[in-house]
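So that you can tell them apart, the chains are marked A, B, C and D in the order they are listed, and the count of residues begins at 1 in each.
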Amino acid sequence: MKFTYQINGAEHTLTLEKHPEGYRAHLGTAIYDVKLLHAKDGQLHFQLDETRHTAHLAHETPAKRWLHNAGRTLVIEKAATHRRGADTAGGSGRLTAPMPGQVRAVLVAVGNEVTAGQPLLLMEAMKMEIRIAAPHAGCITALHATEGGSVNKDDLLIEVEEIPT
Amino acid sequence: MKFTYQINGAEHTLTLEKHPEGYRAHLGTAIYDVKLLHAKDGQLHFQLDETRHTAHLAHETPAKRWLHNAGRTLVIEKAATHRRGADTAGGSGRLTAPMPGQVRAVLVAVGNEVTAGQPLLLMEAMKMEIRIAAPHAGCITALHATEGGSVNKDDLLIEVEEIPT
Amino acid sequence: MPQFDRVLIANRGEIAVRLIRACRELGLSPVAVYSEPDADALHVRLADGAVCLGPAAARESYLDMNKVIDAARQTGAQAIHPGYGFLSENAEFARRIINAGLVFIGPPPEAIEAMGDKAAARTRMQSSGVPVVPGAQDLADDTKIQQAAATIGYPLLIKAAAGGGGKGMRIVHSAADLLEGAAAARREALHAFGDDRLILEKYLTDARHIEIQILADQHGQTLHLFERECSVQRRHQKVIEEAPSPLVDESLRAKMGAAAVAAAKTVGYTNAGTVEFIVDPVTRDFYFLEMNTRLQVEHPITEAISGLDLVHWQFRIAAGEALPFQQADLTPRGHAIECRLYAEDPANGFLPATGTLLKFSTPPGPGIRVDSGVESGSVISPHYDPLLAKIIVHAADRTAALQRMQTTLQDTLALGLTTNLDFLQAILAHPVFVAGEATTHFIDQHLPNWQPAPDIPAAAIIAAALAELHSPSATTHTTASPSQDPHSPWLRLTGFRMGGGE
Amino acid sequence: MPQFDRVLIANRGEIAVRLIRACRELGLSPVAVYSEPDADALHVRLADGAVCLGPAAARESYLDMNKVIDAARQTGAQAIHPGYGFLSENAEFARRIINAGLVFIGPPPEAIEAMGDKAAARTRMQSSGVPVVPGAQDLADDTKIQQAAATIGYPLLIKAAAGGGGKGMRIVHSAADLLEGAAAARREALHAFGDDRLILEKYLTDARHIEIQILADQHGQTLHLFERECSVQRRHQKVIEEAPSPLVDESLRAKMGAAAVAAAKTVGYTNAGTVEFIVDPVTRDFYFLEMNTRLQVEHPITEAISGLDLVHWQFRIAAGEALPFQQADLTPRGHAIECRLYAEDPANGFLPATGTLLKFSTPPGPGIRVDSGVESGSVISPHYDPLLAKIIVHAADRTAALQRMQTTLQDTLALGLTTNLDFLQAILAHPVFVAGEATTHFIDQHLPNWQPAPDIPAAAIIAAALAELHSPSATTHTTASPSQDPHSPWLRLTGFRMGGGE
């Protein structure tokens, strides 16, 4: 059985073969004997060769799991579904809300020329001011946000078209 | 809707009527306005008249629930199923194991006459010696336990027949 | 404790939970308030009564003085504890409570006012002989700001005169950024405090943020409970605090303590409060920054090393009790550290994170305390502070406390949304922090572009596959939250609620 | 700490969990051992490695010295911590560990031996000037026992000469019950210790059980960490302990501390140990009872008031570290109480209870510590001790500690089997206990036939009905333990296990 995951932006492929005592895992060039010892309440207790390990898992979606192991928290996505995330992020000039919040100030108007890093819009969320800045120099081609308005995560706020220099 | 429960050996009957805001509860002569506010993970949060209450519940069997409310732990059994418990307890002269354990010593033999309170058998469970004593004066009519043997809860150990004095 | 037996807790989250539990210990009946999205929050479920204040926006709920005071009247509460944030440093709120015949669990309104205006407080401290950071106040327009900035020099700090808690605060590194920074600070200040006056202060690079806890009764006794060091900050928000400070020795402690007591006495302070100082680690000179006229987020570390319960004392002082000990009776014991678990992404500019906390748990054990307002299943909304929980450890010395915190963080589960849990561990393992030498620039200097370690343990990848392999239900995607109880009646009863949010 | 970096924990339950966590803090790798029914126990899941010792019966698993020492060899552990109970006071076990070239985390075998024989220890203490309870040892037969009993008078206590922990112990109130009591004590002693010698002691009615914690390094320094009072007992098992004792003042503390240090030094004691005394509350005379040559169940309350981690010090002393403080540096701070949560029925002769702990949780908060080996879903078998968890609180004074314990117990959930949770609350609320006047007869005298309060709160009955009403799944009876995670792969995967218990 082959498993491919996206973790922290990198792809990891693992194969597991059934064994009388459990599984044999191939990960890159490494090989491990795997024994599942205990599985309950989202907690996995298993043995790799001679060492015991514990992992805790929770599913945010069927394809996106949160995993805790040895003090680290990881987001593990099934590789097939990961591409969808890249699509919705929008082009580099399509600026979206990084989180839900309120629009405090729109600092530019359609037609304005802006420089890379110039603040375009200020949001407030969780009592913090969040600054949406131009990713590159360009021209504002569309504004989708109004001051005082509420926005959801990934809502399109502003479009900036690159001007060839 | 009528509910009858056995709690600590006493029977409690409650009726609930549906109301626009929740329920009206009748318990003896008392009447309460009941609003269920939150129910999740075995936790109930509700309002009786103007006061908020919390209860935690866990089912041991469909008819036997453990309930925690205001610092107290209660076992609540549906009244209909409770009688079964009384049957299995055996007659007063049929002595059963109060819990699982090992028989350490059988102190009497069939035919022995015993006095009320006389130790008949010693069990050990959880590192404690548990003494099974005669509930009344009588004669040992049957022995179902052997020294060193394991017994389960409610296993019949010894039968004592009352001798009319 | 006479005077009151029912207390309204005018707050939410971990501090509301902590205050409600303290009420129970003191035999007081706690009443909660909540905004609509908080109807099922932990603090609401723990209280004897609860009043809905209104919609999510804090201005229409937790910040609405009339609604809060009405809630107290309506539920028969005779006292109000404001917690921190929200209305806790609002003198008008305190005054209205007192005028309504209720007890405000905090300092007199005059003391809040005197310290709340950072500009006036600077002046007052200067005249009382408490050293203040070089700076300027009463800056009417951009020209005045430019002039003052030229005198002070760069980098400098723009602060809201009315503010606190990092809001309306900006560091400016050069004259070119001065006016945009001032404009942003004004906007935030106006929004947060309804007052856009600013002050400028020299920004001390490589300085330490060290604060002194004050406890003052209504009978003239003002004591300090030693210092807390809070140098590890991001965006002017504290991340890790410890007590005692690795920088402070007994002699500096006595000097800073005396200055803090003097500052508190100058404004007639009573109840618990904190005097914040900035300390030059080389010269050990210290400068008054501001006084927080309320309970601090990081009060647990002082409780650990002092053996005193600050919240209990807040209630007891408000009820008129005299402190039964003297300064000489108080000595710090051991070392305490607090880590703030935030719903935020430290690898992405500390962007706040929202979502459902699918699983949350912390390990038990000696010397571990967790103050939390969330639990598995809590929904973290964008409306309020991203603080999920405070993880506090206490041990015999700093080395043991660091070890204890590391193991505690390693065993903490916070799954379902991005938190700073891994980042906290990176700070704790950093040699500069371990050496006790972190300044307020520590994160910017030493962990400026922190990213999670790129190597993924084999065990984690194998665990993911094992989970998939043995998961008949992994493809069913439901939002129901099943119970821990195998026979639970709510196994399929998602978010069931009747008549909530009255 | 050189000498060892991998430690075998030769125990189970809450103490194994506590020891494993301490190893993590000290950078040591913990290895667990377990019997077959404990294969999935918490202590096994927390360790780096784990070795199955054998079947449920302790003699074939946790009490089997060869298997335990082999497990250490097999996993590369260089040290063994015995915890309490099981092999912890077995001199031969300690000696075999040392002979195998491993480190025993505890006192020298000679000290265990000297104190383990209660008869010899009595004699030794008498000759060292430590007062002992009037009594007799070396009782060869029933005649000798009858003669000694006549001299001592009734009531008297029969104890196993080799024993401890309440096993083989009987109170006898009259000559008529003497020989049956002695026979029962002999049976229990033989079964528990393989040695049926008995001693008799005068049974002091209305006495207090007060013990002194000892810490001794390998460099000649022996210190005491004040007293613990453990008078509240049932069947000679402690139920509630507190420190300091409400009976003990500074002068008595100094005298008892000095006697305990003398007792420890007499036998060349090192590491942590406890000297138990019985104290006459009127005269304040104290008598040596025995020395427990191991960590005690109730060590956390001493940790709370001393600020020292006893388990850390056990490891550090065993590694050869010298104690860096003197007796004069140690002072108790605040007040600590421990309640033992037992799976037992206090309304039915304290009969142990077994079953599945369907739900277990304790509240977080300042000054609360819970040492537990169980969690929701744990199966409590009849094989081992009924101790589920220890609930420990620490506060500034005894009144605050009592309040804190009451609220903590009120918010503790232990559903699925009978526990003493309600009984503990009854003790804490009893005026005699509140007054600090409970003797070792407190439960017998004041709560002899305790039953749960007969009145059932309306809220409880209504809650039961609400649960039934909104429970589509209440009639499905399954033994599966569903996950807290809404998308869990194990929702229907009950007790799934592969290759466990190698």
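Here is the rule we use: contacts are C-beta pairs under 8 Å (C-beta built on N, C-alpha and C of every residue); 3 or more make two chains touch, one makes a residue touch a chain.
What you see is a predicted model; the values in this text were computed from it and never measured.
Shared contact partners of chain B and chain C, listed by label, are D. Between chain C and chain D, the centres computed from C-alpha atoms are 39 Å apart. Each chain gets one centre point, the mean of its Cα atoms, and the points for chain B and chain D are 29 Å apart.
One simple way to say how far apart two chains are is to compare their mean CA positions; for chain A and chain B this gives 53 Å. Residue positions 36, 39, 41-42, 57-62 of chain A each touch two or more of the other chains. Listed for chain D are residues 358-359, 377, 410, 467-468, 470, 474, 476-477, 481-490, 493, 496, each touching two or more other chains. An unclassified topology is adopted by the chain contact network, corresponding to no line, ring, star or complete arrangement.
Pairwise chain contacts present here: A-C, A-D, B-C, B-D, C-D [touch as defined].
For chain D in complex with chain C, the residues that touch the partner chain are 18, 21, 24-27, 300, 303, 307-309, 312, 333-334, 358-359, 362-372, 376-377, 395-396, 400, 403-404, 407, 410, 467-468, 470-474, 476-493, 496. Those residues of chain A that touch chain C in the complex are listed here as 1, 3, 5, 7-8, 10, 12, 14, 16, 23, 25, 27, 30, 32, 34, 36, 39, 41-42, 44, 46, 48, 53, 55-62, 65-74, 76, 98-101, 104-105, 119, 122, 124-130, 153. Remark: chain B residues 21-22, 35-43, 45, 47, 50-52, 54, 57-62 touch chain C in the complex.
Interface of chain C with chain B (complex): residues 39-40, 45-50, 377, 481-490, 493, 495-500, 502.
On chain C, the positions that touch chain A within their shared complex are 167, 180, 184, 187-188, 191-192, 235, 343, 348, 351-356, 358-359, 381-386, 409-411, 413-416, 419, 421-422, 425, 452-454, 456-470, 474-477, 484.
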